[in-house]
Each structure stands twice: as C-alpha cells, then as structure tokens.
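First chain written, first letter: the chains are A, B and C, and each begins at residue 1.
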Amino acid sequence: MLTKILLITLFLLFPLFLGYYTTFIALISIILGILTISWHFMEKEIGWVSFGHSVPFGIAAYLLALNPTLLFLTPFIFLIFLFFSFFGRRLFPFATFIASIALWNVSHYFVLNGKGGEEGFGVPFSMSLGNLYTLSMALLLFCYVFFEIISKSNLGLKIKAVRDDEIAAKSVGIDPIRFKIVGFFFSTTFASVAGVLHAVSFSHVSPSVFSPFYALFPFVVSKISFDKRWACIVGSFVIVSLSHSLSAFLPETHYILYSVVLMMIAVVKKNAENL
Amino acid sequence: MLRICDLSKVYGRTVVLRGLNLELKDGIYCFFGPNGSGKTTLLRIISGFEKPSCGRVFFEGKEITGLSPQRIVKMGIAIAFQLPRVFWNLDVEQNIFLACMDKKKVKEVVKTFRLEEDVKTIAKKLSQGKIKLLQISMSYATNPRLLLLDEPFAGLDVGNVRLLIEILKELVGKKSMIITSHRPKLLRGIANKFFEIRGGKIAGSYENPT
Amino acid sequence: MISEIFTSAFYTAFSISILLCYRVGKILNLSFASFFTLGAYLSILNPLLAIPFGASAGFILHKLTKKLSIANATIFSLGFAIAIEEILRIYFRTEYIILPVQKITLFGEMVVGSHAISGLISTAFVTIFLCFLLSKKSINLRVMEEDLELAEIYGVRTERLRLIVLTITGTLIAFLGSLHNPGIVYPTLGWQYLIFSVIIATLANIFERAYLFAILFAFVITCLPKFF
C-alpha cells in the first residue's frame, strides 16, 4: 500500500508545478477523485450502486454557500441514502438518480427565488489555488488510505458480510442496519467533503452540482478504472482532462462517454444480479 | 434449557403451529415430520427470524420471544438454515472469523468441520456439501449453547452425509442441538430424543424411531 | 381547472407508459426523458416527425435490451437517453431554443393551445388503453405482467408484446413532446416530466390496479393544488 500511496502522491504533486489552468483542472480532478473513491467504497464494500452521489456532494456545497455553520448537517446526509435503501438494491440506483435529477430541477427555482443570482450562490470565503490544491490533495490521500484501512479491518469485513447476505449476517450476530449505516455514513461524508471543496474552488454553487455529470461521474470513472481504487484517481484525471480539452470543439464530450460506458456496462454485465 | 409455551404461528389462513408446548433439557433432539408440518417455522421462531402469532419462548429462564436474531445469537442460540446462507464473496476463513471474531477459534472450527483444504477458497466456489458444512461451522463458531440445524442432510451426497454424521457424533455431549430432518434414522446414536411434528403439533416423542 | 385537467391527462399517459414498460417490458424506461426532448426538438421542423422517430427509438431500445435484466435494461435506457440528448445538443448547437406559445380560450378559461392538444391526445390514449384492458385481448398483457416465464410457457409471444409496448409508448412520448410546447426547448427538458411521472407511477404501482390508480394520482397531484 505504501508504494501505491507514494506513487499517487508523486502523481498528484506534479500538476502543482504547471500553469494555473492545468493546476485548476487537476484540482477539479482531485475533488472528483474523492467523490469517486467514496462512491467506489459504497459499491464495492457496501454493495449499493448509487447513481446519485451528487446528492451528498451538492447538498454539502449548498450548505456551505448558504451558511457554513449549516455544515454540521452533513453527517446526517447518509439518512437520504438509508431511506432509498428501503427500495431495495435493484431500485436503489434509479431512486438515487431520480433524486439527484429532482434536486437539480428544484435547485434552479431555489437559486432564483433565494438570494442567489444566475450563477448560483456565492461562497462566503475563498482560498488561494495553491493552498486549496494542497488541502484537496491531502484529503484525497487521507480518503484513499482511510478506505484502504477500513476495507482490510474487521469493520470492513463486517460491512462486506452485510453486503453479501443480510440474513447470514444476522445468523452470526451481525446487525445489518448498523453496518449499513456506518458504510453509508463514511461514503456520504467523503462525498460531502468533495462537495465543500468543489464549492470553495469555484467560489459559487450552481444547480449543476446535482446534474447527471456529477451523479454519473463516479460510476463511469470507476468502470473505466476496472474497479480499482487507485485507478479511480487516474480515471478522474482522464475524464476531467478529456472533457475540458475537447470542450472547445465538442461541448459536453463527457456525456457521450457516459452514454457509451452505461450502455456497454449494461450489455457486458447482462447476467449480473447487481450490475 | 428451552421452554416453549402455547406457541402458534399463522400465515394468512394457514395455521403452521398450533399451541405447541415443549420443555427441553441439555441434549440433542431431532424433530421430524412431513413437509409443511412446522419444523422449520419452529426453528425460525426460536432463532428470532420469525415472530410467533402467539405464545412465548424461554431460553435458560429468559424470555426470547420477538427478540432480534442478532440478540438471540448473542444469548447463545445459533441456526444453520436448510438453504445455506453464507458470505459468498468472502473466503472460508473470513466466513468463520465473522462468526467468532477469534483467529484461534477459526483454526479449531476449521479442523472440526474438515475445512482445512478450503480455508482460502471463496465461498461461492465451494461445492454444495462444503457450503452446507461451512454454514454449520459458522453457526458452531458463534459458540452457542443451543445449535439449531434445519435439514442438515438435505441436498448432500452419501459421502457428505457420512462426514456430517461423523462431525455430529463428535459434538455429542459438547453441544445441545435441535435438528430437523426428513430422515430421523440418520440421527440414531446422536439424538437423545425424537419428536414427530404433524399439523403444527407434537404428534409423538420417541427414544428411538422405527 | 381545464388547464389542470389537460395536465393531469398528460401525466396519466406518461405514467401509464412508464408502468407498461416496467410491468410488461421489464424496463424502467429512463429513455422517455430524451424521447420527449426528441419530440420537442422535432416540433421545430414538423411535429408529425416525432411519430416515426419515437417509434424507431422505441424499436431500437427494445432490440438492444430484450435480453437484459430489469436493472441492466434500465441502465442501458439511461445511457440511450444521454446519447439521444447529446446527439440533439450536437445537431442543434444551441443551449436552448425559445418557441412561441399560443393561448386559446376554452369555456371561458385561458389555456395554452399546445397543452390542450397534448391533453386531448393523452386522453384518447388513456381511453383506448382502458378499453383494451377491459377486453379479452388484454389477458396476454396481464399474464406477462404476472410472470414472464409463465407467459412464455403458455405460448404468449412475449418478445413481440414487449416490442409493441416499447414502440407504442416511445411513439406516444415523443409525440407528446412535440405537442406539449413548454415555450423553451433544451436537451434535458424531458427529465422534469419523467421525474413527475415516475413518482405517480411508483405510487400507482403499489396497487394491483396500477393503471387506474395512475389516473387517480395524476389527477390528485395536478389538480389538488388548485383547491388550496
């Protein structure tokens, strides 16, 4: 694990010595990397595929923009996912996706009727790009190490047990709800951290934080990264860079990639129970 | 050890258990009877996976009716289902470890249930017989005072039946057990007493069924 | 109130289409969002173009998802929806297009003309569908809803029925998109209609007579705010 961390650190440090624009693109990639790793934990370890990780991401961003003291609510965002989990594993991806789209639509009215302008709500404080990059990089590394350790711990093993069979878990004395809550909590908390960093980096929060770009980004990145945690960071850089570099010729390129990945995954894994 | 008072279970219009009364001391008991007679339901109620329509269950003097399965496991009752429920993407060692959270105990259980060769095998890659053994070993690993085995011989080939009987014989005197089976004869020399269940009631009890 | 009735008819048709795809076609058809948008964009050229395009989109979706599980078919439909939206975005090259809205007076109430037409088309669809449900021919549909394998055992041509359901509902949604002029057209237009209809369909799906409850819920949800 140490070698991987060292390599990731070197990979992340590199853009700091490039121009402002490149560093900014790398910063966005890092933030979305945190979002992807939090999503990856939810899919691989907890066994719930979310198509709405933009929900904790966007809510945390909005809370920061409205009033930073409201951020104390972020640890409770997992309750939204816990509610959707009652729909069952099969409907969960679509329930979360619909929720994110609904929030995307609702937030337009919210922004216009609230204090926000056309660009959304302003964020009350700012940081220099260098500081924000260093902070985001540290948080990404922490997120990566945290989920690696959790996955290999007894807690992680119990979370995986609940993922595999809730009845079997009960029969050996493991409370499925408790470990599901713990798993959701970790995942949504890191997604919220990514949301806060995103809001600070752009200095404003617009309804687009709930858009399908953020909702589906972790799924697509994780799949093109062959479900490897470390590769998710590289995958995040690839998609963000591709999207920005091609935006001049073909706007919203990432969506074309999204649609291809979604259709391919559905066809390739046609016999899989849960994706 | 286990006391069951006026236990009934109704599903819609179907009565599965009708006012069952039972008092069991330490030992091994076999419940047999035709399909739908209420054997599995009885075990599921004792282990907390079903709630009775009425009646009460006591274990070592404490009422356990309606408690969650996790709580009941911690009180000392473990169940192995007829259709195996294991952690399919974890290996045998991890499966058993989750039940006891003790590495020394895992080694002991693996040896008892002859799973030494498959310790690092992922559960979903095991044969049917091994999966059944793994599930029973997981229940055993929780260190229960009462082990409930629902149709442990169902779906096993002759070799695995022999192996399971051998293991059960080794557990005689060490663990109290309630075993449901269509084939009570297999439990001769293992069970202390045999109960016949018919229509949700105890139709008879025998020291040795013919 | 007339406007609300048209809107409720529109949402009833949309929710029934979702229910049909889900219960018979075994797919939560998220592509409806982009079928609707496709229709809305085509209305700039000619509203009737939505019919062949909607039918083709439904047909293609059926062909590509017929062997997939519900979950995978739904994921595919999401990818398909995004693909259609992006094709529209690339083809039309604008973020949004503003369309003129004409209002007419009906029984003394000002109503958006295109909403009245889409409401009437929806009412016609719902009526025809309910008549079909009451007929003996609907038995195949019901068997397929209950159990796909059983339907195949009893000789129901499930694949053909799925094709019909996906093509007809695809055509309807695209046509409604071309008629139901909201005044502005943009690539993600269809999602808001889809979300609202999915909520209605989900509530209705709890009940055995889901299609009838879809009518009730669509009416209650769209008309109730009028009374408060």
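By definition in this document, a contact is a pair of C-beta atoms (placed from the backbone, for glycine too) under 8 Å apart; a residue touches a chain by one contact, two chains touch by 3 or more.
All of these numbers come straight from a predicted model, not from anything done at the bench.
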Open item on the list: Comparing chain centres built from Cα atoms against the global Cα centre, which chain wins on proximity?
Closed with: A
Task: Maximum centroid distance from chain A, chain identifier (CA atoms) - done: B
Open item on the list: I'd like the Å distance between the centres of chain A and chain C, where a centre is the mean of that chain's Cα atoms.
Closed with: 31
- [ ] Could you give the separation in Å between the centres of chain A and chain B, each centre being the mean of its C-alpha atoms?
- [x] 43
TODO: Indicate the whole-number Å distance between the mean C-alpha point of chain B and the mean C-alpha point of chain C.
DONE: 51
Task: Sites on chain A at which at least two other chains make contact - done: none
- [ ] Would you mind writing out the residues of chain A in touch with chain C in their complex?
- [x] 51, 90-91, 93-94, 97-98, 101-102, 104-105, 212, 250-252, 255-256, 258-267, 269-275
Open item on the list: Show me the residue ranges of chain B that touch chain A in the complex, using the header's touch definition.
Closed with: 47, 49, 68-70, 73-74, 78-81, 85-90, 94, 97-99, 101, 135, 138-139, 141-142
Open item on the list: Help me check something: in the complex, which residues belonging to chain C touch chain A?
Closed with: 28, 30, 64-65, 67-76, 78-83, 85-86, 89-90, 188, 191-192, 194-195, 198
Open item on the list: Residue numbers of chain A touching chain B in their complex, please.
Closed with: 154, 157-158, 160-161, 163-165, 167-175
